[in-house]
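In what follows, structures are represented as structure tokens.
Same chain, two partners: subunit A is paired with subunit B first, then with subunit C.
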Partner chain A sequence: MNVFKKEMKANVTSLIIWCCAQVFIIYAGMMKYQGFADSNVDMSKLMAGFPKEIMLIFGVGSVDLTKVAGFYSVFFLYFMLLAAIHAVMFGAVAVSREERDHCADFLYTKPIRRFQIIMPKLIAGVINILIFNMVTFGASVFFISLHNNGDGLFSQVSVTMLALFILQLFFLALGAMFGAVLKNTKLATSVSGACILGFFLVSVAVDLYDKLAFLEIITPFKYFEGSTLMIDEQLSFPSAVILLIVSLILFTLTFFAFNKRDLKT
Partner chain B sequence: MNVIEINQLTKYYGKHRGIENVSFSVEEGEIFGFIGPNGSGKSTTIRALLSLIHPTSGSATIWGRDCIKYGSELRRDIGYLPSEVFYYEHMKVIEVLNYSASFYDNVDYTRIQTLADVMDLDLNKRIDDLSYGNKKKVGIVQGLLHEPKLIILDEPTGGLDPLMQQKFFDLIRTENKKGATVLFSSHILSEVQKLCGRVAIIKDGTIVKIENIRDMQKHNYKKFTLEYKGLIDVHHFNLEGITNLTLNENTLHFLFKGDINRIVARLQDQALLNLLVEEPSLEEIFMHYYQKED
Partner chain C sequence: MNILKQELRMGRKSLIIWCLSLAGILMLFMLLYPSISSQLEDFQKVFKSFPIEFQQALGVVNLQLDSILSYYQFPFTYILLAGAVQAMNMGVAVISSEVREKTGDFLFVKPVTRNRIVSMKILAVLVQILITNAFVFATALILVTILSTKPYNVGLFVLITCSLLFIQIFFASLGLFISAFLRRIRTVLPISMGVVFIFYIIFLLNETLKDEKLGLISPFGYFDLSELSKTMNYDSLYLLLWFVLVGLFVFLTFRLFARKDLPSI
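Let's look at the complex of A and B:
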């Protein structure tokens, strides 16, 4: 319990900043929708004028941007990116924090086993990503309802947030695994960041070149599509199962690797 | 009964040597010194005892139980002061100490205040406002607050002024009288001399010697200073038992361990101006262990 509290406390400021940033993005995004809707321009025609590649990179595929659900679904790409960075960094730092701050000798000479330290840290991580997810949820429903005659599209957003949470869990596990395996926090966070960039680039490449479709399997960003979640209200079951299993494997790896680790002063 | 038993303990960091075949044991109730220069493997040995690192081979037991396997249970009764004291910077001293205490059962929280008073430590300061010496004091209180039966100190006096060192030594002696066993690592010999009964000397990752500190100082070594009139033939003193031989213009210094008559025999027919035979300081005795063999 003490380790858990400590970890929650250590992350409180960063969590508030992340949540504020997220709320602001949703607010600003939905303001733009208002602009779209008010302008009376035929959006479909305007959009058709842009090269397909550009639209894909910004996550605007074939969805109808003049509908609030379609417009909102474009955000999913950004939510995924932000939530992924937040979760992966949390995992990487939480596991290696004591070594970074040179107080491993303090914490790991206490009469508890290493997994009794890593476990509450990871639970704190799950709580943190859940709060981030809930804030995204609340802000989304609130701002959508402002622009949609009071209808917050509650059920569509719920499905989207569930998908987001599964992704967050995966990235928390990935970060934690890097934190446990790699030499130090700096390396763990860099590799985690590189991974996210890599996943993102692959997902863009898959969108651009049909021939690369087989790569979909290696990037978690392709496991869920914003439009399927928001418009069809469907969560890909196989994707969810695969991500959860991989997360479980990564968490297990974290525990094993950390147990074998030689801690630095 | 032995509290600590280290048997052929070896640790390699990749190809880099940490320690090699370190063996020694610490008996219940003694204050055991662990002496060696920086980088000789003192901290590596201690960190293996606390299962912070995993040995490459060999074993270490505390109270007869394996350090790695039973680490978490053993650590209930171990107090540890690391050589580099770092704590969560943004926390207050009292918060760190309470956090530390929260890991132990049945901690007497008034002891934090008592120990802090002895060490003259302000509990309400933030860790990042503390000087190195004051952080060390936090480490001392943190290491002793749960009344451990085994106290492991890794270069504990760095940063403490002489008065505080004295208070700290008194504290350790009190704990020792109450029954605690102490493993005291240092590279400063005078403090080991003050406190410890037996000592292990470590150099380049291997134990060079384990000796009773008083025997070592009183019975074995003599320090010779020979002043000559003219040229000195250094080879004349190429004798077994002579160490730390240094030539300084017309003066020859060396330490000798063994039958004193052999030196006396060598001194015959030598053109001496002066001769001095003294008790060496521990520093001088240790010097030849410290010097690297090329």
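Let's look at the complex of A and C:
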């Protein structure tokens, strides 16, 4: 319990900053939505005339930007990126922090098992990403309802946030695994950061050139589509299962690796 | 001089990794060009028939897709993103590492002024940024020359490629300022990656929204590549703003750091 409390307290400032950034992005984005709604162009009719591949390349697919749900679905990519960075860094730092701050000598000589240290840290991580998720959720519903005659699209946004949470969980696990396996915090955060950039660039390359579609499987950013979540209210079930199983494996790896870890003093 | 040499020696390994990965990203994306260049010309016809709002939303206003440079600016956006992370990393790390690694107690008691230490460190960052840029420039020049079937506009190529230098210097100075401003920085990458990606997302958002005020926030918008290929020059207002901000950040770094209370062991 003490480890948990300490971990929460250590991250409270960064969590607040992250949440503020997220709220600002949603606010700034939705503020300008009105301009689109007023342009009154029937996007779906326009799109129907063109080959679908062309639109897919520019990442719009069949999304109607003049509808609030379609407009909001574009944000999902941004949420994924920010949430992924937040979660992966949290995981990597939380697990390896004690050695960096030279507190390991004190913490790990206490009469508790390593398992009892790493567990509360990871639970604190889950709580942190959950708060981040809930703030995104609240801000989204609030700003959408401002521009949609009071209707916040509650159910669509909740499906989207569920997808986001699964992704966050995956990235938290990935970060924690790197934190446990790699030598120090610096290395763990660098590798985690490289992973995010790599995943992101692969997802861009897949959009660009359709023959690379087989690469979709390796980048989590391609597991969920903003438009299917927001418009069809559908959560891709196989994607969710794969991500959850991989997260579970990564968490288990974290525990094993951490138990065997040679702690630097 | 010793400080400069030592900094460069310490940063050598990560500099090499960064240069190679930036060149690698560029190479991967540019090698896709031959296979999609034929499609690109079809796209242009399609986009021309869109209403202007949607051309703006997709970022395809006045897009000239028949030259290799119009494709080149697309992967280069991601080079700017990655390069910004690199530069900000260096900026945040270069001064704060002394405190973090507890070497400040040795360095800051030497008979050199703090200002001299800071200027040497800034110089080291600048040298590394210049090396990165030279490397990326050479790689890009080779790739574009090999892949281009028609002669291309060399002036525009130089403009696009040099925007990396401006972006990197901006983020490095922002990083320096943050590191002088915060009392103690424990891990560099969460800060630098968070800040860079938030700016990047604001820029992406503004690609769709084209809001003047929002454009002033994100430095990625100062060197908007699609804008660049239209006007064939950097926007003088943004260039001025860039200059003022960089100057301000560097000035504040000296100011704040000279009076900073450095925590010791």
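Note that the second predicted complex is superposed on the first by the 240 of 265 C-alpha atoms of A that agree within 3 Å, B and C clash if a C-alpha of one lies under 4 Å from a C-alpha of the other, contacts with A are read in each partner's own complex, and residues count from 1 in each chain.
Here, a residue touches a chain if its C-beta (ideal position, glycine included) is under 8 Å from a C-beta of that chain, and two chains touch if they have at least 3 such contacts.
These numbers were taken from a predicted model, which means no experiment stands behind them.
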item: Touching partner for A:101 - first (subunit B), second (subunit C), both, neither; value: both
item: Partner chain in contact with A:262 - subunit B first, subunit C second, else both or neither; value: first
item: Subunit B versus subunit C as contact partner of A:193, first or second or both or neither; value: second
item: Touching partner for A:2 - first (subunit B), second (subunit C), both, neither; value: first
item: Partner chain in contact with A:183 - subunit B first, subunit C second, else both or neither; value: neither
item: First (subunit B), second (subunit C), both or neither touched by A:110; value: first
item: Superposition-derived comparison: subunit B or subunit C, residues of subunit A touched; value: C
item: On subunit A, positions contacted by subunit B and by subunit C; value: 101
item: Of subunit A, residues touching subunit B in the complex; value: 2, 6, 10, 101-106, 108-113, 116, 260, 262-263, 265
item: Residues of subunit A touching subunit C in the complex; value: 14, 17-18, 21, 25, 28-29, 32, 35-36, 39, 41, 43, 46, 50-51, 54, 57-58, 60, 65, 74, 78, 81-82, 85-86, 89, 93, 97, 100-101, 185-186, 189-190, 192-194, 196-197, 201, 204-205, 208-209, 211
item: In the complex with subunit A, residue positions of subunit B that touch it; value: 13, 43, 47, 50, 52-54, 71-76, 78, 80, 82-84, 86-89, 99-100, 102-104, 142
item: Subunit A contact footprint on subunit C (complex, rising order); value: 21, 25, 28-29, 32, 35-36, 39, 42-43, 46, 50-51, 53-54, 57-58, 60, 74, 78, 81-82, 85, 186-190, 193-194, 197-198, 201-202, 204-205, 208-209, 211, 214
